[in-house]
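Same chain, two partners: chain A is paired with chain B first, then with chain C.
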Partner chain A sequence: MRVPILKQGEYLIASIQSALTDQDLMQLRDDLADRAGRFRSRGIIVDVTALDVMDSFACRTLRSLAYILRLRGAQTAIVGIQPEVAFAMVQLGLALGEVETALDLEEGLVRLRQGKLRSASSEK
Partner chain B sequence: MVLQRSAHVEKRAQDNREVSKHDATAALLRELVAHLRENRTQLREEWVRRITESKLLTAMTRDEIFAEATSVYDKYVAVLESGSVESLQAYARDLSERIIPRGVETHEVVGIVLLLRDVLARSLFKKYQSDFGLLNRVLDAYEPAANRIANTVAVSFVQERERIIRQQQEAIRELSTPVLQVRERLLILPIIGIIDPQRARQVTEQLLRGIRANRAKVVVIDITGVPSVDSTVANHLVQTVDASRLMGATVIVTGLSSEIAQTLVTIGVDLSKMKTVGDLQGGIEEAERLLGYKVMMEQNSDEPR
Partner chain C sequence: MKNEVHITIRSGADIVAARLQGRQLAAEAGFSGTDQTIIATAISELARNIIEYARGGEIQLTLVGDANRRGIRVEAHDDGPGIANIELAMQDGYSTGGGMGLGLPGTRRLMDEFVISSKVGEATTVIATKWIR
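Up next, the complex of A and B:
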């Protein structure tokens, strides 16, 4: 199943609706990398509220996605990780590294906006 | 054929003997009960005297001991009479409920029941001293019943005690992890007592649920009340912090005493990824700064209202 990607101003929002196969995840990564460049996006939000499992492959793909997008000039935030998922992830030792995380979509947008402001003010 | 019949007759005779033995025991017990009823006052007083002498039940006054002794005595006699320990069981449970909070120990309860057994046995010795054979038969009837009673009381007491312990453990478990909101989007989680793996897991789960329910952005975990931190506990803390971060909350750990900090450095736990502040006040101030709150004292506040 392909993940729908919505454009909202200078942000892209990918809302995962159901469990994804490894193939779907790589497709999502490629789609996002492609569109972030096409729409000149500043921030990408991946909403994982509907996921109740995050395996090591998913974590690695999201981590590399964030890295790829940073190289293309966009920040990434993963939002909506469920308490059970978060707990399982730390127990399994899975990490998202330096990727931004936020409670939900709304928080994620705030986080990205703040991040942008911060980098803008530090440039001055 | 003849042999078979004689075996049959033998068996019937044995049955008869058993029945008559049972009857004899019942008759002896009846006699015993009558004896105990007759000498109720004297035996009861003797028992209370022995209890006080052995310094048992020191948490209770003499009158209380006498009142309890009376009802235990009556129940005891009733059990000997009916052979059913059920009412005694219920009474022992009720008694335990009343005396456990007053600090009565297991050995005291077992001790007084055994004392009663001894007092009654003595009185039997005295009564039947002239007829040794009868005394033996009376004791044969009395001893199993008395032992069963002692057993029942002790077991009821211990069971009641265990029930209370279980209940309290449950209560402690529920009380032990309050997740409190002190400001909009700021939670504090004071941890008091020893953290074992089970509790650490529960703390983490409760915190993560709290983060989602209160939409928290910053969490202050205060471990002032944690007596010792070893590498296991430190690992649990790191896991909690990581999991909270995945849910978009920043965690500040406060209350690391100098001993704990030294231990952690000595055993080489890496807490560099964790934000730590000296005390809870500092932690809350730091959290307010992160959230953009500014707390200031009101002007002209030197007049107390």
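Up next, the complex of A and C:
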């Protein structure tokens, strides 16, 4: 199932709607990389609220997505990791590295705006 | 209530089917939401190993227990080629595939019991059990 991607100003929002296969996750990574360039996006939010599990493959794919987009000048925030999913991730030994996370979509947008403000002020 | 489920693992869609059925079975057995997610995650890792390292295989889910306790047993059987060094394969960060090397050791941490048997050139079997607390 393809994940819908919404464009909102300079941000892209991908809301995962159901359990995803490995192929779906790789498709999402490729779609976001493509669109972030096309729309000159500054921030990307991946909402994983509806994701049933975050296993090693999902974690690796989202992390590589964030790193790819950073190289293209955009920030990524993973939002909506459910408490039981977070618990399983920790036991499995998974980490998202330096990828930004937030409780939900609203908080994720706030984080991205703050991150942008930080980099703008440091340029002066 | 069904006590046993078999899922043939040949593609990415089968991984999702296996973990969704595992979650459902765990819910019916009375596992908490957190444990359902833990069991589904373990199934996802074991099913992916089947695809990544073997041509295919099977996940078998069974409700187990006696008078004192109930739980779910997850069995992963593949078609080979076997693991040369199980001790290495059980170490965090060791992988002969493209992964992070967390699948097997991570699954052992997620489940209460974990037994792996494998020989080069033969099938690999993992039997992992989680008990209701």
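Before moving on, here are some points about what is shown:
Throughout what follows, the second predicted complex is superposed on the first by the 124 of 124 C-alpha atoms of A that agree within 3 Å, B and C clash if a C-alpha of one lies under 4 Å from a C-alpha of the other, contacts with A are read in each partner's own complex, and residues count from 1 in each chain.
Following the convention adopted for this analysis, contacts are C-beta pairs under 8 Å (C-beta built on N, C-alpha and C of every residue); 3 or more make two chains touch, one makes a residue touch a chain.
Treat the numbers as computed from the prediction; the structure is a model and nothing was measured.
Because the two structures share chain A, they can be overlaid on it, and in that overlay chain B and chain C fit beside each other without clashing. In the superposition on chain A, contact of A:Arg111 is made with chain B only, not with chain C.
Contact with chain B, but none with chain C, is seen for A:Ile81 once the two complexes are overlaid on the shared chain. When the two structures are aligned on the shared chain, A:Thr101 is found in touch with chain B, with no touch to chain C. Geometry note, superposition on chain A: angle between chain B and chain C about the Cα centre of chain A is 50 degrees, to the nearest 10. Of the two partner chains placed around the shared chain by superposition, neither chain B nor chain C is touched by A:Asp34. The partner that reaches more residues of chain A, of the two candidates chain B and chain C, is C. Contacts of A:Val53 after superposition: chain C is touched, whereas chain B is not reached.
Between chain B and chain C, the shortest distance over C-alpha atoms in the superposed arrangement works out to 9 Å. In the superposition on chain A, chain A positions 82-83, 85, 87, 89, 91 are in contact with chain B in one complex as well as with chain C in the other. Every residue of chain A that touches chain C in the complex is listed here, in rising order: 19-24, 52-57, 59-60, 82-85, 87-89, 91-94. Of all residues in chain B, only 201, 204-205, 208-209, 211-212, 215, 217, 239-240, 242-249 touch chain A in the complex they form.
Residues 78-79, 81-83, 85-87, 89-91, 95-96, 101-104, 107-108, 111 of chain A are the ones that touch chain B when the two sit in their complex.
Contact residues of chain C toward chain A in the complex are 11-13, 15-16, 19-20, 23, 33-34, 36-38, 40-41, 44-45, 48, 92, 99-100, 102-103, 105-107, 109-110.
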